[in-house]
Amino acid sequence: MLHRFANPARFSRIAARVLPWSATLTGLLFIAGIYFALFVSPADYQQGDTVRIMYVHVPSAWMAMACYTFIAAMSAISLIWKHLLADIAARAAAPLGAGFTVIVLTTGSLWGKPTWGTWWVWDARLTSVLVLFFLYLGHIALTHAFDNPQRGARAAAVLALVGFVNIPIIKFSVDWWNTLHQPASLTRLDRPAIDPAMLTPLLLMGLAFMAYFVTMLLIRMRADLNAARARALQLSAAE
Amino acid sequence: MQGLTTHKLGCIRGERAVFAGLDLALKPGRAMLLSGPNGSGKSSLLRVLAGLLVPAAGRIDWEGIDIAQDRDGHRARVAYIGHADPLKPSLTAAENLAFWAKLYGFDPDIEPALFQFSIESLADIPVRYLSAGQRRRVTLARLALGQNSQAGPALWLLDEPATGLDPGAVSMLANTILAHLSNEGVAIISTHGGRLDELLDASAERFDMGGFVT
Amino acid sequence: MIGFSILVRRDLRLAFRGGTDAMMGVIFFVLAAILFPFGVGPDAAVLPRIGGGIIWVVALLAALLSLERMFAADHEDGSLDLLYLSPVSLGQLALAKAFAHWLTSGVLLLIASPVLALLYNLPSAAFLPLVATMALGTPTLSLVGAIGAALTLGARRGGVLLALLLLPLYIPVLIFGAGAIDGAIAGRDITPQLMVLGGFLLAALALAPWATAAALRQAIE
Amino acid sequence: MIGFSILVRRDLRLAFRGGTDAMMGVIFFVLAAILFPFGVGPDAAVLPRIGGGIIWVVALLAALLSLERMFAADHEDGSLDLLYLSPVSLGQLALAKAFAHWLTSGVLLLIASPVLALLYNLPSAAFLPLVATMALGTPTLSLVGAIGAALTLGARRGGVLLALLLLPLYIPVLIFGAGAIDGAIAGRDITPQLMVLGGFLLAALALAPWATAAALRQAIE
Amino acid sequence: MQGLTTHKLGCIRGERAVFAGLDLALKPGRAMLLSGPNGSGKSSLLRVLAGLLVPAAGRIDWEGIDIAQDRDGHRARVAYIGHADPLKPSLTAAENLAFWAKLYGFDPDIEPALFQFSIESLADIPVRYLSAGQRRRVTLARLALGQNSQAGPALWLLDEPATGLDPGAVSMLANTILAHLSNEGVAIISTHGGRLDELLDASAERFDMGGFVT
């Protein structure tokens, strides 16, 4: 039994060392990002101050997609190499991703009301993000649907890989179908089509979201590992 | 080493170790009667040997080669009978058997198999209307199917096969198993004692799972 | 391929003998479609307007309905173990199951849909697109559905879970299916929608058997 | 009455643990309601017009969906024999099963329906009638459904049969339920419809347990 | 006449006569071991005696009174164990037993019954995770529930109750049955031979269904 936790034990040690740094970094990036977003960057000439929603909306959209990609990668590793840590990482990341997706959906709706005059339209970008949200929910539900946690992890891994087809759809929906939604202006192959005054806070917030994700992921994975170890100890004590 | 051997085999079900450190060795032409109290892991062991459950530790060798190296080859040599009867109630006994015969590529003539378990008269009755023992006979007739075919499975894994059988049917089963053994086949049979044990006594090793419960 | 046809024929026979719920889907489909005019009120000029959408939603629900027990009976009575041990690969099994499901639900929906279109007074321009989208869309529903059915085998609250898992995967098919019919009624070219539905089908054909097999492998234990 | 409450509590526990398909009904209900805007097109002013009807049809389908296995699991594993041999009468069993079915499907539909009414932009005048008709109608669906479920126990093609049996019995409930909502939107008095629905419920309460018990008696052999 | 008697009992299943002209008599305190080949009608007979199947001919008397006169009274005196285990996989062993205890109005304390079949440690495990023999024990513990209550059923109808039990559990079952008999109870038990027969030998009549197959 012990060899299964030997590697995770090393992970726990490394995580313990990294955590304080990543947590501090998250805090600093958020402070800087929010400062630039609220006080330094200009209001939009068309949209006024509502444009500042962007500094939350866009980073969380990036993270919602990045997080799903991360889960899909971990799932592939879990299915091919049957690595325990990959299972745990995927399980830990899913609720975070669902959270980011909720943020995209709510900030998007909030932003949509003043700019498009409606909270919601059924266009390809919005719909595919909603689908992403349901995929996260399905992933979480499936993980916990079996009495045997390993079964749940494997089943969820298959689902994550299947659902990955949605990510390119979200990304390119604005190019493939003409929609109300903004096409990519920053993450383009050529130069970003965005004012540097807006770019700085956006990038800062993006990095802050990323650091937050890493920190939370480490915390959740460590908790999960500890719980598994406690269960194993309990069972061996019962025998 | 000929036949089947296991090395330090361990099995975990639902986060609980069922058995560990199991070493078995069985030569061609021999049977092994697995006994042990309820919940000692006989069914789990048979499922591990069939490749249906992945062992938590240890390995299984066939003719000296790890079966994990050759999953397809191993599946082709296993005949597995579980606790449940994998029969569809709405199909007749003959239809049920014919399906498995065709799927496994066995001889499609199922008459001899029906005859071997004395269920010719039930062939055209939907399984829904059969008695418990009659159903078990239909399930077991699958063994005869493979046996009567050219290259049938060599490793029989039978989980309490005699459940619900009358003494006559137990003899038919014993004869079927003995014929398999005489063909250099191997059979591992879980049991709680009874007529089948007695009939197979001369050709069988005995193994008590009781000692390996963890 | 022999294994494939043996499996398909068994499933069809079981469906015909009433051992499975596949037929339930079609009855449900027709029934639901008949019920709507009662609910909505038949006099309304609104029926042709919503007919295409309703037919697609109902088709989707019908597929969902018959999916839950796609592998469940085989799982419960131990047949799945034997199917796994047979020379037929799990991928082929998945494909066969999905194909049999489609034959017992999708094809019948396909046949029933023009009748429903009549019932709903859909403009005649919508007939061909309706059948075409159904022909392209329903196999996708069966293939994707097989993944869900295999993933939720033996799960707690399997039915609910299945619906939750398949909802996001079915929505795109629904949108393009219903969109094509609306487009046809409005006189637009619906080739793009048909292309997308065809693309979905190809992707499902390539991915679904693999994913279903992986899920089934986990369910056998 | 002790037997009744023991039976109801068992069924609720089973539903909660995911052993039965009762919850499936509600998920299905919500899901179907979410799907319709995708299919019909959300921008249309048509949604409020057809909302009441759709909600009723979907409620009916949801009830039907979870009915098929109301007695099936108990029949298959021999529990039905023991239930029959117990001091509790089959009539009480039928009532308990119908009540548990209603608690796990009807009540939840009842709770979900105002949300769906919002989703469909129904006029606020329709809210109370919607809930009132649901409250009167869904128990009837469960009670009548129990008869169908018992009649088709062990039958070949049970699901199809069940749908065919229940369809004619459900249509009156649907007509008066959806009619009341339309009436309320149009500003008419809906007391007559509510009276009729109440009458159906009383008749079902009196007749259904008896009929279900008779059907169950035939199924045990 | 005390106890159970049948007169010219006949049974038809699926349009086919299973047995006919069956006369049984069993005194209080005695068991009857039913044997006979698969499909000879043992299960059918037990279901008829339990009142689950309506006999095609003949009648059944309890203490000299036709049971058709008093269906409710008869149901209250029957304890029936069939081939299947009427357990819900998602409920724990204790929850399953407690449900039947409450419904039948037995003593709600299930501990002694669990103890009697040595399944205390399984009480809180969902039945889904139990081995075949463990499930059978849970089913049988229902007998102990009635036995430990004040006015438990007097007529036990057990259809191959020892299926899947290990020798230890068979002894527990035999002791439970013997205790029932010593309380002036009656038990009819179908069997294909085995340990249970031997343990009950001294208190049991034997009846071979083979001769009544039509």
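We call the chains A, B, C, D and E, going by the order they appear; numbering starts again at 1 in every chain.
Everything below uses one rule, namely that contacts are C-beta pairs under 8 Å (C-beta built on N, C-alpha and C of every residue); 3 or more make two chains touch, one makes a residue touch a chain.
Since this is a predicted model, take the numbers as computed values, not measurements.
Asker: Max contacts between which two chains?
Answerer: Top-ranked chain pair by contacting C-beta pairs: C-D.
Asker: Would you identify the chain whose C-alpha centroid lies closest to the centroid of all protein C-alpha atoms displayed?
Answerer: Most central by this criterion: C.
Asker: Between chain D and chain E, what is the gap in Å from one C-alpha centre to the other?
Answerer: Whole-Å distance between the two chain centres: 38.
Asker: Just give me the whole-number Å value for how far the CA centre of chain A lies from that of chain D.
Answerer: Roughly 40 Å, centre to centre.
Asker: Just the number, please: Cα centre separation of chain C and chain D in whole Å.
Answerer: 25
Asker: From the C-alpha centre of chain C to that of chain E, how far is it in Å?
Answerer: 46
Asker: On chain B, where are the residues touching two or more other chains?
Answerer: Residues 13-14, 83, 90.
Asker: Do you know which chain A residues sit against two or more other chains?
Answerer: 122, 147-148
Asker: Which chain D residues sit where two or more other chains touch them?
Answerer: 17-18, 38, 41, 156
Asker: Touching chain C in the complex: which residues of chain D?
Answerer: These residues of chain D touch chain C: 17-18, 21, 23-24, 27-28, 31-32, 34-36, 38-41, 44, 46, 49-50, 52-54, 56-57, 60-61, 64-65, 68, 155-160, 163-164, 167, 171, 174-175, 178, 182.
Asker: For chain D, which residues are in contact with chain E within the complex?
Answerer: 2-3, 6-7, 10, 13-14, 17-19, 73-74, 76-79, 81-88, 220-221
Asker: Of all residues in chain E, which touch chain B in the complex?
Answerer: Contacts found on chain E: 13-14, 35-39, 43, 83, 122, 129-134, 136-137, 160, 163-170, 192-195.
Asker: Which positions of chain B touch chain C when the two form their complex?
Answerer: Residue positions touching the partner: 13, 47, 50-53, 75-76, 78, 80, 82-91, 95, 99-100, 102-105.
Asker: Where on chain C does chain A make contact in their complex?
Answerer: Residue list for chain C touching chain A: 147, 151-152, 154-158, 161, 164-165, 167-169, 171-172, 175, 203, 207, 211, 214-215, 218-219, 221.
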